[in-house]
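Inspection log for the structure reproduced underneath, given as structure tokens.
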């Protein structure tokens, strides 16, 4: 089988090249890049020397020669390629935001500054978060070629962290869910800029786009969907992204207000955690483990461990640890992913595996690197 | 004037040595260290070569020869030194937790596992957060020698970030204040351990002691004090510390639920921030700037800037930026300090300046390093 | 086939666990650890959660149940295990220095402070640098079970960088070969210590053990062996290791004095490189490419590229770039490896592949990570 | 006194602003920037908020209002400003390469691609390495206004490391001096580029411009000058710069071939360092300490310590440690500076102090930061 990658020279594109090179079902790669057309990928990424030698061609050529197409492009340029793939009746997996808001074009317009030029495409597309939409993805694939809107990096990790609590009605709707995320700098992409210039971001931590990051509505939408699937009210969601000097990884700390039933009332919240808090936490951890029992890429950590980005680095895992605050009022979830893998290229491949009924773990069996 | 430093070879102690070496009112330093008694400080910290050459003596000798004493010791060993200083009628500034909970020994016992052996000392001590207690500190100093309980690093930054909102009644008491903090690794001290071994913490972000960090009650107590000073109810507080691979700095993101009066209700929280949100944010920023107008070390950033640890690095500043969430329900404050300076040694010197009626900025005029 | 790993909880041992878990010829792993006997490896390295679940047993048990044994132990404790493997007639691959100096016990004694207790073992062992000894390794394996002394991390990268010049007589013997190496901090192992405590080594570069590092005689011996294989005199070798704040990788810059024939004499060495220098460099690069033509893990970079540790990270490659100094008198080779892979666990697996006549690349096909 | 800074918004310019703000003899700063004319410096560097508030004006205005002018500009644009300062009879300190090669315009032309437009200026200029030219600088200043060519960052550290050996005839001229340097990334300046984009340079070490860096002729010229001052032959010099992921600092490892008299011949160079090597090293260390006895910013480390960039960070020191190789043939010097301070802005201020007969340490008394 031949996989095509449009936009192969950005970070997500190059990570797709690297991962698909080791996928047991993929025999050939076709790569395109507007910026480097005609050049060889190993000249742009010398890591590939002696391993991946495809010449970069036009997107049209990639589509014509591939059995599945991945697009890792800037926002708002992928629709024509999606259309071409649908015409050729091959699956199209889009890593931009273009197919993430197909239920709500107004939101897409407002945050990405673009309107849909091929509105009919957005009826056959699906948001590709397997833990939310796996069944629908398989149903669509059974009917014909599918467009996948691959999730944003931030929404992936924190949505997975909140899903069990929302589906099972642990949260109360009168207080917001707060998502505090810290990302590594590869999340900013390959283009140099002042913010990602080494001396400006090394040895520093800071939030950015506070109260105005465009992943906010995607996160809120995912959480609403999961809450509603369990018959519960959609929560208000607050999202704040931060930058820290690591190459890869997103750590999301998710604060979920507990409903009456799940709350604990300690005698004195100024004292260390009570036995009751510990027991309730253990109980919620069980519920989380149960919820994700069959998921190949979600690991609910044993009590006593805390999610950390270096334990999922270079892998497709999402690690989740379950905690409760001293007041007994709020569930605190820590969720860690590799932003380039589960947060981008790995999840895209997981989606391909689902569409083709491959083993969902095919090509994604990397054990996290120790460092 | 001679300043004594007990525990001079830990990180906070050594930072005191460095900063006090440049303090215009301090002519001599007397240094002690249990671990390195008899050795010279420049053998432990070669940074000091040719600059600080004091031999490390016993704590008793330091106390006998100094006009003011700083103690940068492990918790629960400083009381006898404080007692000795009181006897000599000199000020004693303690960087451990031993004098931070003088109003609530039960909390100190529970979190630090120790009881007070000199209970009377805790009546003449004061919690040394200048922005909260400056006036009381000066009053006490006018009466005689004073014991200062220098604040914890985390409590300093986030308390300053929340104070104006709490004092002015912006927050509503029926939802918790959430403090999400990220610290640099010097916060863990000088003793090697697995958690701070380079390959284990470089290139990674993770929370730790979630729902069980002993700075939690100190933070809650500070916020309660400030709320009550304005006649408002003490908020519930949730605190989660994180570790990121930077040497210095703490970034706290503080989520403060807004009271009815300060809330904004956008038409659609899935859309980018409304003009109304922006106006309210500007208005709250003004209120913050006003609150801290006369503070020498708190900088309220202009709108459009976000607090970052690298902009206060190597200085005694606390930078604060003011934001609001998309739902208009929550004030988001970002607060950055250098954990070793405003979060430890610098604040201790600021306290000394206050006790002695020196210019509060003496010895603390470092402009933040560019990198 | 079952592979045993003695010392599985150190960094090199854990990297062996990770890599062998993906090796197509290895079906089972048996792991031992003195420090954590009875515990499960995923409790020590949570990266392995859900992936590697072996309980840690005694070394004797590992040897009894394995078809090949790797030992990643401190120096001077492995001989009895080697003896046991020889008795069981299985190959034994030792990652310590114990079998690197079998031709020169006096050097081993002097640098590692130990004598051989099983001298006869050192007659059936071989230094496992495939690019130097592949043929002999295969010959020995044809005769029976073999002990491999897996090379040190520093000697691997710089030896490969110097070999072609030494074998082909490019160097002159009357000036020393200088090896200036920079290593990542995982090279110091898993035990916490002041030198590798994050705040002590982050954001800093320094040499260490200048003129006294115990890899010096190993490097000199390798270079002598290669020079002599080409009929040339052994060079004097100077080796200086440095520490830089990266997790993985060794970059060695090797200065090789050129013999008369290969030297270029520019009109003015204060001027930019002459055409003659560029041509000679290209010519030597060809010679290097030719020398390593059939090596699966050595990549001679195209002219214009320079070896960098991030282009071999997480892979078994050694990247080499070829340069000449402005005076035309000295060949400058830059060589980059991942110290944990080609410098330790990967090379050990490469050696296993050679002994068993597996495809030499089995289990080692990782494309370098982009970041 | 008013100091003017032309090019105040580059890294070296901003570091000058920061350091001069604390200089006891400087009362006012006048700042210019082509890129940000009319803006305020604290908008470009928010570190300066509340501390430095100068509006950025034209270079001409800066010159007209200042008593001394620093220029931190790109190469080849400063001559007219130097001319204007000479006309106003004020000192001009240039941090670019424009006045570093006044004895050899041909070299400047070849490496910087420019010719001198004001050749007469280059007769009244002097290369501002105080440890080489202090006396001449003072003589020139006694006669009138002076142009200083402030040294390059690399040449500063390695020249200081080699000077005593060269002046005292320890080196033999028939083998090259090899300078292997590693720099932090601030050395690349403030403009974003791929090479200094965080994910491309974090967690990696690599050489660059091997055999072709334009600091090579400056280093060779300095070493020749010092050798000749002692009546010795100029050495051949080989220089290789490397990049490591640190913000600040240059570590240079300098290999100096010892002349017959200073060499040691060990019985077996494969064995650990002999007593004779240790004694000779101690003796050379004494010679170094003696050479720099009166220098305020050069620290010769005690035996047993090795120069490290984190021990000079944020200071004007050059730390030097003295070592010898196992073969006894080569002196190995490790030299560490902060590239932004002793390697740029600090040295420029040291030069101003010399020209004005201020205490040479004025404004430069920073003790190195612990981290």
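Order as written gives the chain letters A, B, C and D; numbering starts at 1 within each chain.
Note that in this section a contact is a pair of C-beta atoms (placed from the backbone, for glycine too) under 8 Å apart; a residue touches a chain by one contact, two chains touch by 3 or more.
All of these numbers come straight from a predicted model, not from anything done at the bench.
Put simply, the chain farthest from subunit A by mean CA position is D. Centre-to-centre spacing of subunit A and subunit D amounts to 47 Å, using the average Cα coordinate of each chain. In this assembly, the C-alpha centroid of subunit A lies 37 Å from the C-alpha centroid of subunit B. For subunit B, residues that reach two or more other chains under the stated contact definition are 11, 184, 186, 199, 201-203, 245, 247-248, 310, 370-371. Interchain contacts join each chain to each other chain, per the touch definition above.
Here subunit A touches subunit D in the complex through residues 11, 184-186, 190-194, 196-199, 201-203, 245, 247, going by the rule given at the top.
Partner subunit A is touched in their complex by these residues of subunit C: 11, 14-15, 18, 21-22, 45-52, 186, 202-203, 247-248, 299, 301, 305, 310-312, 314, 319, 340, 365, 367-371. By the touch rule above, subunit B contacts subunit A in their complex via residues 104, 106-107, 110-111, 175-176, 178, 180, 182, 184, 199-208, 210-212, 216-217, 220-221, 236-238, 240, 242, 244-249, 251, 253, 255, 257, 269-273, 277, 281, 306-310, 313, 321, 323-327, 329-330, 332, 334, 336, 370-371.
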